[in-house]
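My questions all concern the structure below.
Each chain gets a letter, A, B, C and D, in the order it is written, and its residues are counted from 1.
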Amino acid sequence: MTKFKVGIVGATGYTGSELIRLLSQHPDITIDFVTSETHAGKHISDIHPHLMDAVDIKLKSIQKISDYKPDLVFLALPHGVSMNFIKDHGIDRFITIDLSGDFRFSNQSVYEKWYKKDHVAPKYLDEAVFGLPELFRDKIRNARLIANPGCYPTSAILALAPLLKHGIVHPSSIVIDSKSGVTGAGAKPKQGTHFPDVFGNFTAYSLATHRHTPEIEETLRQYTGYSTEVLFTPHLLPIDRGILTTTYSTPKKSVSSDVIEDLFHSIYEKENFVRVFDHPPSVKNVRGSNYCDIHAVYDERTNKIITISTIDNLMKGAAGQAVQNMNIVFGLIESTGLRQIPLNP
Amino acid sequence: MTKFKVGIVGATGYTGSELIRLLSQHPDITIDFVTSETHAGKHISDIHPHLMDAVDIKLKSIQKISDYKPDLVFLALPHGVSMNFIKDHGIDRFITIDLSGDFRFSNQSVYEKWYKKDHVAPKYLDEAVFGLPELFRDKIRNARLIANPGCYPTSAILALAPLLKHGIVHPSSIVIDSKSGVTGAGAKPKQGTHFPDVFGNFTAYSLATHRHTPEIEETLRQYTGYSTEVLFTPHLLPIDRGILTTTYSTPKKSVSSDVIEDLFHSIYEKENFVRVFDHPPSVKNVRGSNYCDIHAVYDERTNKIITISTIDNLMKGAAGQAVQNMNIVFGLIESTGLRQIPLNP
Amino acid sequence: MTKFKVGIVGATGYTGSELIRLLSQHPDITIDFVTSETHAGKHISDIHPHLMDAVDIKLKSIQKISDYKPDLVFLALPHGVSMNFIKDHGIDRFITIDLSGDFRFSNQSVYEKWYKKDHVAPKYLDEAVFGLPELFRDKIRNARLIANPGCYPTSAILALAPLLKHGIVHPSSIVIDSKSGVTGAGAKPKQGTHFPDVFGNFTAYSLATHRHTPEIEETLRQYTGYSTEVLFTPHLLPIDRGILTTTYSTPKKSVSSDVIEDLFHSIYEKENFVRVFDHPPSVKNVRGSNYCDIHAVYDERTNKIITISTIDNLMKGAAGQAVQNMNIVFGLIESTGLRQIPLNP
Amino acid sequence: MTKFKVGIVGATGYTGSELIRLLSQHPDITIDFVTSETHAGKHISDIHPHLMDAVDIKLKSIQKISDYKPDLVFLALPHGVSMNFIKDHGIDRFITIDLSGDFRFSNQSVYEKWYKKDHVAPKYLDEAVFGLPELFRDKIRNARLIANPGCYPTSAILALAPLLKHGIVHPSSIVIDSKSGVTGAGAKPKQGTHFPDVFGNFTAYSLATHRHTPEIEETLRQYTGYSTEVLFTPHLLPIDRGILTTTYSTPKKSVSSDVIEDLFHSIYEKENFVRVFDHPPSVKNVRGSNYCDIHAVYDERTNKIITISTIDNLMKGAAGQAVQNMNIVFGLIESTGLRQIPLNP
């Protein structure tokens, strides 16, 4: 079989290096190019020493990508930068999977309100498919532009979608209490991610104002056909990788823990990357893998459903999910190149 | 001034060693005795090397305490063991501050249901005062038996009490999402607290079944005069010390973040150990100190009030609060010996 | 090609679960059986939840292994237990790779002195080949019993062997200062590996008495043909995986950093799993992989050679190296199934 | 007694905030002023929230210090900045304790070689006393300018000084292998101290080139009267606070572990802040305190003496030692305000 050719735009960040880790071992693709403006000309292991010997790639400037004819390009760029790339390159020459938040909303004004900037390529918003395979696999198959989901939303939506789709819970007063490792904040040093500030510490941030809120709500609306309202609170965990999300919702009718567990099993039984647990999962059990582990219980005393879900934010929350989307759009077996077993301990 | 004499029963655990750290530098008391059955005869620094030179104490067997006439005894014993001590020693010879859960409920059946064991000294349940000074200072002053609060309840109750006492929020559907460092699980090695199991990890446990649930509900009922129902979810943080608790509740009437912040300021302004923040607190800002830091906001979009509160679970969540109770019952200035500044970074 | 059949004796420990992670994805072998006495009958994911869905294995009692005809068996057993297995099963029915220390010495008295126990199967000591492929590949190829090296020795020997083999440094007064993550101490909870005891902590242990000392000396003697004397000091790092070893030795004649770096490059250039760095390596750059990264410099001022080497103690220090040995003894390409790229960050 | 007035120049760094933690509770001094150029006008808790309520200080610009008449000023400034302050202010108006490296060498050329910059106030180098009380207490008593030692040197010198002073070991071929927590690298975010880069990681740096090397050698020469040559290798520990230093040296004559332990006991028995251990110390046993814990053993097999010493780098390695020096120069009891018991766990 001829291998598919893919490019990666943006090599210095964590999603970039994680994409390289995955794609360099993917049997059905070749990496056509990897770009970095600050490090063009260097070898990838000059900036990511862990890749030495394992990956043989020289970084290019983005100026050079017209020399290539990739089938697909991953944009591992910051929010606000991806849309400029799409504006310049369009979606005809190659399929694009954008790992930023720039094309996750069909509604331009929602983007502009929560990201506090004008959208420069709004005409592509309608084209973009939200790349959560478990919910939108059919649309992804034919997409030219895939908006890869945010890390928090992936963990929350996979836990809530079954409950909402099947009318189990009220679509309001849903509480999402999420906890993320520090790689979610990116590779660039900041005061809030300085080691002594995070070590032995734990905190909440962006109370009621985090922009993953509308991403969760919009996606659930698109999936269920009706509006859902969530209160989302992110917290910073003193670990490198991993998200654990706890949700609280209220049943509309009589349920039991067994009924709910059965529902999750039946919905996700054919999925490669969702594992339904009979006990609360922990983030280390998905480290380095593309799994999302979920546990759900009903508390009769307070009449609430609790879900706990975990992902590796750089895998199912970013690069792993992007490769899963690539496999779908290329018509490959969805788990190709994504069978990494979690690294535990 | 003659110094008060106090004894500590149980030296090997974390609350025991933390009590020694605090009491050995307290200006108004002397440590009469410290007991340990497994280490009787040894020097305290043989089991807690960090105390070497700093503290000069030889451990006694509990059999020897009849030789002493302490004014007050701290019980740093496991749940289920303290009540035997009280059964044997009563409350007449000395005041007792019990750091276990054995006397935190006035209702024997609630204890027996959630702790799954018979209570052997039920006649003292009515005598016991719940030792949360900010709520029950007047009762503590005259108590003979003080039930020192659990760590999670302290963080949750101090955040919710103002909202409930002043009728701001509905006393039902309250969600308490708590995250605790590992010292909360005690000094004894277990699989779940083995370093490689916890490092880089994060998990939830005891969903809807943790026994701090009724402690929170009972205490709030006692304080407000009416019933409150909470759903409490504990999580295990990969740090040694610290609890952060996030609560979600629904206002009964129109409020604003400013109104709520003002309420917290007015209620806690005279308290030595509660600090009201205008931003989310982090656990490292209370490390090693007796502070509880609280932040509260109102989210108009979802009509919810969010609180974030932090404590050092071994201090305000255990030994620090116990010393605070001791100061009150001895008529000392409440902050005596408790002015440790948080250790950050 | 017919696949080789292998068995794993001992599934509960870290080396056992890491072997399963590697072997379940190895293209040329099938896992015949995995044993556990305490968990026989359970599914592997009941004790290692991270393997759920990814690995489908039921645990057997060791009593059952006569039902199987494996080509090779891995012993993931504690020191002192492996030798009983060999005593009972011999080395004729299948090749054995022992991950314990029981067969790492040709000299029985050295074993008995440093491990403080009698050897029950001394007649196999001569048969055993020390499984460090970079030094003893030819012997490993024909071995029936392979003693997989200790984690500390692997990191130290790969750094020192070139210097000693080529007569660069004096074979005495060599200092080896090693630092290891906690998984090196095993999966069983102990006080010294209790999370609050290790978190934020760092300590040295077994000063001048650690049994990896003779393993390093014996192996270097066997490789070079003359005696070497080392002073080995292990330290406990507050991380899960990884060893970093710093060595100090004295040149016998005039050298330079360039000469030494060239020497390491020439010796290791054809090796799959040794990477020679021009700067000090860090343990996270080998996490989850079978690499050993090495850097060596000469300090003219003090006339010392310093080497820094890193491995993942569960991979190149245990399970990864065992699979590498298996590949050699089976005549497979040595890197088969071992191309995991380090997980960083 | 009238309290002494002290000023702190530089409030934003870790040594600044730690000085404030200590001095705000010191019974014999008042804090006259604390300066910060970037935060002048703000309250100290605006930049160090853990100090809220506990410390009531408004930050001043350094321009304002002519308004004050302090008895002593602490310089918590970066290397290369302190010397400008001394150049401008001299040493007549107040005693100065400089926590940077600018005045730790009597020899200007040594400073300029290792710090790679010109010294702007060389005439004060002779005036400066190296502020390691256990070695130079008498000189400190009358000093006008005290060069507070570096963190690594404090841990190494206290371990080696007894052995060298008493002629026990050869003053050459001494290896110092040190491991430090991240606060030693300062409060300013850098790539090398970004949380995901340090978490789960461990590395060596500045091999044979760290500028604490000459500080250790010069100080030991000054103390013993003859030259010592050391090879110093620093490593970065993934913790916030703490240094552990392992040294290796060669006896000149027959010794034993007992003889060495006795020597350390006799030398340090009257010291407040040095604890001689009969087992290897760990960094958490000194966390938040001014202790230096030391253990020394002799290995007959290799004829080496090993020492392990630990300090909290921000306390005995910086702010704590600075306050100890202040107490000496003010004629106070040396341990005043420094009796913090280590925070463990």
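The rule is simple: a residue touches a chain if its C-beta (ideal position, glycine included) is under 8 Å from a C-beta of that chain, and two chains touch if they have at least 3 such contacts.
None of these values were measured; they are calculated from a predicted model.
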*Where are there more C-beta contacts: A-D or B-D?*
B-D
*Most remote chain relative to chain A, going by C-alpha centroids?*
D
_Between chain B and chain D, what distance separates the C-alpha centroids? Give it in angstrom._
36
*How many Å are there between the centre of chain C and the centre of chain D, using C-alpha atoms for each centre?*
39
_Quick check: how many Å separate the C-alpha centres of chain A and chain D?_
46
*Would you mind listing the residues of chain C that make contact with two or more other chains?*
14, 183, 187, 196-197, 199-200, 238-241, 281, 284, 287, 345
*asked:* Under the stated contact criterion, what part of chain B meets chain C in this complex?
replied: 14, 181-183, 187-191, 193-200, 238-240
*In the complex, chain C residues that touch chain D*: 172-173, 175, 177, 179, 196-197, 199-205, 207-208, 229-231, 233, 235, 237-242, 244, 246, 248, 250, 280-284, 287, 297, 299, 301-302, 304, 306, 308, 345
_Could you list, by residue number, the parts of chain C that touch chain A in their complex?_
14, 17, 21, 24-25, 48-55, 183, 187, 199-200, 240-241, 275, 277, 281, 284-289, 291, 293, 314, 339-345
